[in-house]
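Order of writing sets the labels: A, B and C. Residues in every chain begin at 1.
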Amino acid sequence: MNSSLTEACTLKLDRFEGPFDLLFHLIEKNQIDLYDIPIVMVTDQYLDYLQGMQELDLDVASEFLVMAATLLHIKSRMLLPVHIEPDEEPTEDPRELLIRKLVAYRRHKEFAAVLAERGERWSQVFCKLPEPLPEVKREMVFDVSPVLLHERYEAVMLQLRARMNQSRGRMTRILDNEKVSLKTKIREILHGLSHLAAGVRLRFSQLFDGRVKTRLEVATGFLAMLEVVKLGRATVEQPAMFSEIYLAPVQGGNQEKGHADGEGELAGHADDNGN
Amino acid sequence: MRMGKENWQAMLTITEIECILESVLFTAGDPVPLEKLADICAQDKKTMQGILENYAGHLLNSARGLMLREMEGTWQLCTKPAYADYIIQLGTVRKTPGLTQAAYETLSIIAYRQPATRAVIEQIRGVSSDSVLLKLQEKNLIREAGRDDTPGKPFLFVTTTEFLRAFGFNSIRDLPKIEMDELHETEFPMENLPVD
Amino acid sequence: MRMGKENWQAMLTITEIECILESVLFTAGDPVPLEKLADICAQDKKTMQGILENYAGHLLNSARGLMLREMEGTWQLCTKPAYADYIIQLGTVRKTPGLTQAAYETLSIIAYRQPATRAVIEQIRGVSSDSVLLKLQEKNLIREAGRDDTPGKPFLFVTTTEFLRAFGFNSIRDLPKIEMDELHETEFPMENLPVD
């Protein structure tokens, strides 16, 4: 079966959709009783039609040829004398199957006409495009759950704990970055203080290398200075706002002890941060 | 809450429900399922069906431009065919299905025998039906619905809701009873008569 | 042809014209200019305007779900506002839980820590809780009970009798025991925690 060929031939075979359609045309044209088809006449007319097609140099679709063969076969069986054995059931009419198929085809052909008519009528009916609608939120029946209440509280408190740990972690990280330089700066200050000539004060600006001075380093140095003051190893003075800060070493017998304490605290400080 | 709503809506008269239906179906445009309408009007499905059928009859027999149609348990407002000539002047002309005889034949076979394979269709029509099946699918009048459990696993074709809409059927059960029954009862020895 | 059409349509009754208008305006959906309607119904503009105004009044005062509105020389069918509540139910209804997760969280914090200020609730939840507190008050599950004796004198929230009733508690002591006593009892350094 070649469908494109078939399609082309169907078109050429005038208005006939297929062999059944052509047969039907012949039956209606001759006002034949479908249930008692004069097979000889119909077959002849059918073949004539195909002949006409060929004379017009038109290809005839295979389906039409198959039907022609079927008709000829039925015709030959009709013409043969029927020999019936006494106890044999009467042989089926050779036309039986063809008739049944034609009946089925006719019903669908009739309904096809009904559909065409209905389609025409209902194409006169128009509908309207839908309007856009907002999404509706409808609240469910007010159901509450003590269990859910409890669960949510536990969950939110756990989240809180996690958040606290997180921010603790953040602070630790900041100190981690800072601790070496802070410790170093304290050492630098203590070192600077211990190597001052008598009566000379340490200038805060002295603590920084002018080329690499960063805001963070200055802040760290400032913290280191405060730490040193807290340790009791120095006093600070700033004569005016935004002016130089001077560190004066605290003299006395507690210097060694203070120094040791300072180192101890520094070590402890570092350990805390390290954990 | 829910109780209160139902009590309140139980007081709706039939006329009020018809007003609700008109406004709701107008806005929807598309067919609305019976269940949805019953829910909106706070009626049980059976009562709603009755109200809708009554309303449809009322629209049909009144001096109204609209009518109500049912399709497989959904309801849609549409215009009466009588006013098509006026509506077409709006300019938004929608062309008729424009099907060939072959298409109508094929559609008829699928409608009555669904689900139907291509082979069955071709046996009845006596002619190859590939291209016409494709056309019908393009027009959304039929669709594939799985495959048959026979050798080759051929596709099964059924009609669509668009088919019902285009031809004005409520459901496949509403197809006119043309004495097809006889056919359905007789087992059809298709294979004896070669078509291809 | 045009002459014939006009002659034929001159015989249209007002009722017939109203049917045409209904079907035409229904199909259009959008507003239709007076000129177009006059053309379709084969009336002069002035007559058409009169018919439309009359039809609009008729729709407005009848048991109908639709009405006709005029906008700058165009006419449109639309639903009456009275049916908005029904129409809105056509939309995809998304059911929201009676209480959102945020509401449960907030309610649980108030239940377990009452009386609680908004600041405490927000510190624990880590998010601003204004709207959820308002919702819970609307639902009458919490209420304000005086003010805290801290700077700013913030409101203190406690649960209500309705809360007990809704959750089936006899008293606040019936709340399920929290197994995180450690957490529950610890005083949190709230001020360290940023509220997002």
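Throughout what follows, contacts are C-beta pairs under 8 Å (C-beta built on N, C-alpha and C of every residue); 3 or more make two chains touch, one makes a residue touch a chain.
Every value quoted in this text rests on a predicted model; they were computed, and no experiment measured them.
A.B. asks: Which chain's C-alpha centroid is most distant from that of chain C?
C.D. replies: Here the answer is chain B, farthest from chain C.
A.B. asks: Could you name the chain whose Cα mean is nearest to the mean of all protein Cα atoms here?
C.D. replies: A
A.B. asks: Distance from the CA centroid of chain A to that of chain B, rounded to the nearest Å?
C.D. replies: It comes to 33 Å between the two C-alpha centres.
A.B. asks: Quick one: report the Å distance separating chain B from chain C, using the average Cα coordinate of each chain.
C.D. replies: Computed value for the inter-centroid distance: 35 Å.
A.B. asks: If I count partner chains per residue in chain B, which residues reach a count of at least 2?
C.D. replies: Within chain B, residues 26-29, 77, 79-80, 82, 87 contact more than one other chain.
A.B. asks: Can you list the residues of chain A that touch 2 or more other chains?
C.D. replies: Within chain A, the residues that touch at least two other chains are 126-129, 131, 133, 141-142.
A.B. asks: In the complex formed with chain C, which residues of chain A make contact?
C.D. replies: 126-129, 131, 133-150, 152-161, 163-164, 167
A.B. asks: Which part of chain B faces chain A closely enough to touch in the complex?
C.D. replies: 1-2, 26-30, 67, 69, 76-82, 84, 87, 94-97, 99, 101-102, 104-105, 107-109, 111-112, 124-128, 130-131, 165-168, 175-176, 178-180, 182-183, 186, 188-189, 192-196
A.B. asks: Which part of chain C faces chain B closely enough to touch in the complex?
C.D. replies: Residues in contact with chain B: 15-16, 18-24, 26-29, 32, 36, 39-41, 63-66, 77, 79-80, 82-83, 86-87, 89-90.
A.B. asks: Using the touch definition from the top, list the residues of chain A that touch chain B in their complex.
C.D. replies: Contact set of chain A toward chain B: 1, 3, 6-7, 10, 15, 17-21, 61-63, 66-67, 70, 97-98, 100-101, 103-105, 107-116, 118-131, 133, 141-142.
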